[in-house]
Amino acid sequence: MQTIDLNADLGEGYGAWTMGDDAAMLAIVSSANVACGGHAGDPDTMAKTLQLARSHGVVTGAHPSYPDRHGFGRRRLPMTPAEIQRFTAAQIGALIAIGRLVGQPISYVKPHGALANVAAQDGAVADAIIRAVHSVDPHLAILAISGTMLEQVARQRGVRVFSEIFADRGYTPDGLLVPRSDPGAMIHDPDVAAKRLLGFFQNWQMPTVGGASVTLKAHSVCIHGDSPDAVAMAGHIRASFTARGIGIAPFMSRG
Amino acid sequence: MQTIDLNADLGEGYGAWTMGDDAAMLAIVSSANVACGGHAGDPDTMAKTLQLARSHGVVTGAHPSYPDRHGFGRRRLPMTPAEIQRFTAAQIGALIAIGRLVGQPISYVKPHGALANVAAQDGAVADAIIRAVHSVDPHLAILAISGTMLEQVARQRGVRVFSEIFADRGYTPDGLLVPRSDPGAMIHDPDVAAKRLLGFFQNWQMPTVGGASVTLKAHSVCIHGDSPDAVAMAGHIRASFTARGIGIAPFMSRG
Amino acid sequence: MQTIDLNADLGEGYGAWTMGDDAAMLAIVSSANVACGGHAGDPDTMAKTLQLARSHGVVTGAHPSYPDRHGFGRRRLPMTPAEIQRFTAAQIGALIAIGRLVGQPISYVKPHGALANVAAQDGAVADAIIRAVHSVDPHLAILAISGTMLEQVARQRGVRVFSEIFADRGYTPDGLLVPRSDPGAMIHDPDVAAKRLLGFFQNWQMPTVGGASVTLKAHSVCIHGDSPDAVAMAGHIRASFTARGIGIAPFMSRG
Amino acid sequence: MQTIDLNADLGEGYGAWTMGDDAAMLAIVSSANVACGGHAGDPDTMAKTLQLARSHGVVTGAHPSYPDRHGFGRRRLPMTPAEIQRFTAAQIGALIAIGRLVGQPISYVKPHGALANVAAQDGAVADAIIRAVHSVDPHLAILAISGTMLEQVARQRGVRVFSEIFADRGYTPDGLLVPRSDPGAMIHDPDVAAKRLLGFFQNWQMPTVGGASVTLKAHSVCIHGDSPDAVAMAGHIRASFTARGIGIAPFMSRG
């Protein structure tokens, strides 16, 4: 039976604030990227999210970010690769420790927001992150956006890396995401999103805004959890896969 | 050759702010309690402090605190033992991760400020901390104030624990610290402090403000690093020990 | 025509996080207590909330809090009256400045959460707050929980004060709120809440959990905006008042 | 008698952390730029600094910054002019409120660090700041680096503006500061700095690293307070002026 992983960003609240419906998403996804104090998350949200993931049998990864709670990690902060390496390590370490407390291991690392975008293009930053991950725990894998510098550097460094595509984002002929400000950037219709994914997993050809399709590699599909209709889209995608006999299963084992 | 450990709180800056003279203290002490983001410390100060400790051959421990940068961890925040357990784990985990990045292991944990004071008396908090430490890494030891609940709970839980006395604090006949607001709380004269310690390590009898002395256990002497004369006092104490043929050495090995 | 004020806490998000449905509440209430950076709120949420209030013709007050974003201002922090005075002044000053930027004046001050609870009972804290408010701008009024120390001290100091009761909280025979952990603390049924208020405004007698009623003074009714059913309850209360010919209007003019 | 203003950045601590020797500097300068919560400063440091300034008869201004405590306001954060306008207003408002509490008025505004550098060159940011200042209080003046966009926009907008030069920074033939990474950026010798200033105030010609001099306007000399030798340099400059019969006096009156 063919399986595919669905991943989502979870645990992105802080104190009394929440973001999205974590419990609903954990019933849909097979992997959860857990905020670890950079853009969101505190020790209590980390513990709660990891416990919930554990009870759903969902594999968990760390979701480090520029230390920018106010900007939710969406801003590119002027920080050096050495600084990025240190905060990435510290955030992952904090989540691993909470994971030990609640009995849920951290299996992989996926950078968040602006950090992911920078690591997708900047080799020095990608290298800083890969080395931080490898130093903290050599068993940690990387979950990278398909076709990025981060994916490439992980492979060069001998760090296990998995690739993701996005359920609701348009692609350019180069295999990159259409910028959010451009037409075709977002797919809002769950059915359109699901059909595109089903087609893609037959031949690894991703339709693009240019008309032609591009070959991509993918071990996981990222579905967003913070928009109002996120749970509905995520549920529809899961149902579409399972209706075709494609199982939803994590890209790597739990620990 | 008899040896004794000297420990100090280091890495207690944040961003552009510093506290005390870490480099000078690292030439004097044998163990350093490194701030890990609770009351002070960020990934860069952690990395810098651990690297400096490494170059001085100083053993390093984590120095977790109530998450209270503004109050420098000196305020008792209204937090439950479960919350304390989680932030303690997260802070230790962050420092361990930075330690792996720079090649300096974290050997023990010593709570900071108000957290240490609460853990000295409150069994539930002491237990929360001990379990956090043990969950994160069962090889971590505890450095506790001699005669406290934290020391006792660590022993009950089978966690290796070392005890410390204070170079510059007065003691009550019960073996507790004289409150800072009371007469005799502080010893300001380096020579008085050094002589008291030398006497103590001959027979484990600590003079008290009540006149009589009290029996205490001690593997380490805590010397403060954040007062203007801290380095001078620390240096004098070290010199006094070595002049008597007592070596300065960590209470536990580095890794 | 008799009128009554409805007030709610708004602008309680931070960065990307939101709390409740501010736009919906601003169509219901006549006064809005705007978070000013203590427990919630940043310059952007302040500006956005004040602009929205302005467009709805809603009078706005400052809603200062213990500086405790992580605890959402619900924890009693160990701070002196002098410290409380300073952070209260600073938070009010920040909101006034934003108000000037967007053309919406700040008319009154209502303490938030734990700060309100402490100011309700502790005369020194009440006095610190009253003096902070008066120093920053002598035209600012106080909105206090009916029957509290804060109300009393404001009156003693000659600061204009208005009193509020709660739409959804049970009262004790002493005119205090039933603690949240006790039976009868919360009223969940909008119709029960509305009927109680309508009865109260006929004779100023508030029913209590003890059976008898207590005389209270009230210029405003506080309706909570952060629970899932908040908007429905608020709307029902407003509709019940207007159906009886009681208008909804602010307790003081805009500025 | 000719007079010149000396200004320095003060109140740049946070909680238990301090930066420089504020008390010593307040005996030397005539104007103090007080951190107001952006890069440094909390309500207690603001109150303490304003009280100390008041007791020295020093005029005080607000010293707003990118909200970046961790980076001490030295990093250019990716924020829009509208966001800059709001945080600038909020920071100034907080300081004004504290000033009212302690009886020390805020007379002017001088942007800090990276914000000052951006406002020196970017007209939209300069305009955002000028409008924030003017909205909060139309009596506030601007203290701008001589020759910058901020100075120019203030003048265009009809906001009173004063210009400053730097005691310890080298100038280019264009009247700009030599970048810190270039030779000649810093003047470390107090005597060299003092002699250059004395010469400058005879004919408004500033020597440059290019050999020729450049005409600058100046109402104030900025002397840094956060380097180890800051107090010595500041004291020497003050003494050099007064020895020549030039008085040290604020560029504007206190209230």
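In this document, chain identifiers A, B, C and D correspond to the written order of the chains, with residue numbering beginning at 1 in each.
Here is the rule we use: contacts are C-beta pairs under 8 Å (C-beta built on N, C-alpha and C of every residue); 3 or more make two chains touch, one makes a residue touch a chain.
Just so it is clear, the structure is predicted and the values come from calculations on it, not from any experiment.
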item	value
Contact-graph separation of chain B and chain D, given in steps at minimum	1
Farthest chain (mean CA position) relative to chain B	C
Proportion of interface numbers common to chain B and chain C (over half same, under half different)	same
Interface with more contacting C-beta pairs, comparing C-D to A-D	C-D
Centre-to-centre distance between chain D and chain C (centres being mean Cα positions), rounded to whole Å	40
Separation of chain A from chain D, taking each centre as the mean of its C-alpha atoms, in whole Å	45
Two or more partner chains touched - positions in chain A	42, 70
Chain contact topology (line, ring, star, complete or other)	complete
Chain D-facing residues of chain B, complex	13-19, 42, 69-72, 74
Chain B partner contacts - residues on chain C that touch it in the complex	67, 70, 75-79
Residues of chain B defined as touching chain A within the complex	37, 42-44, 46-47, 83, 85-87, 89-98, 100-101, 132, 135-137
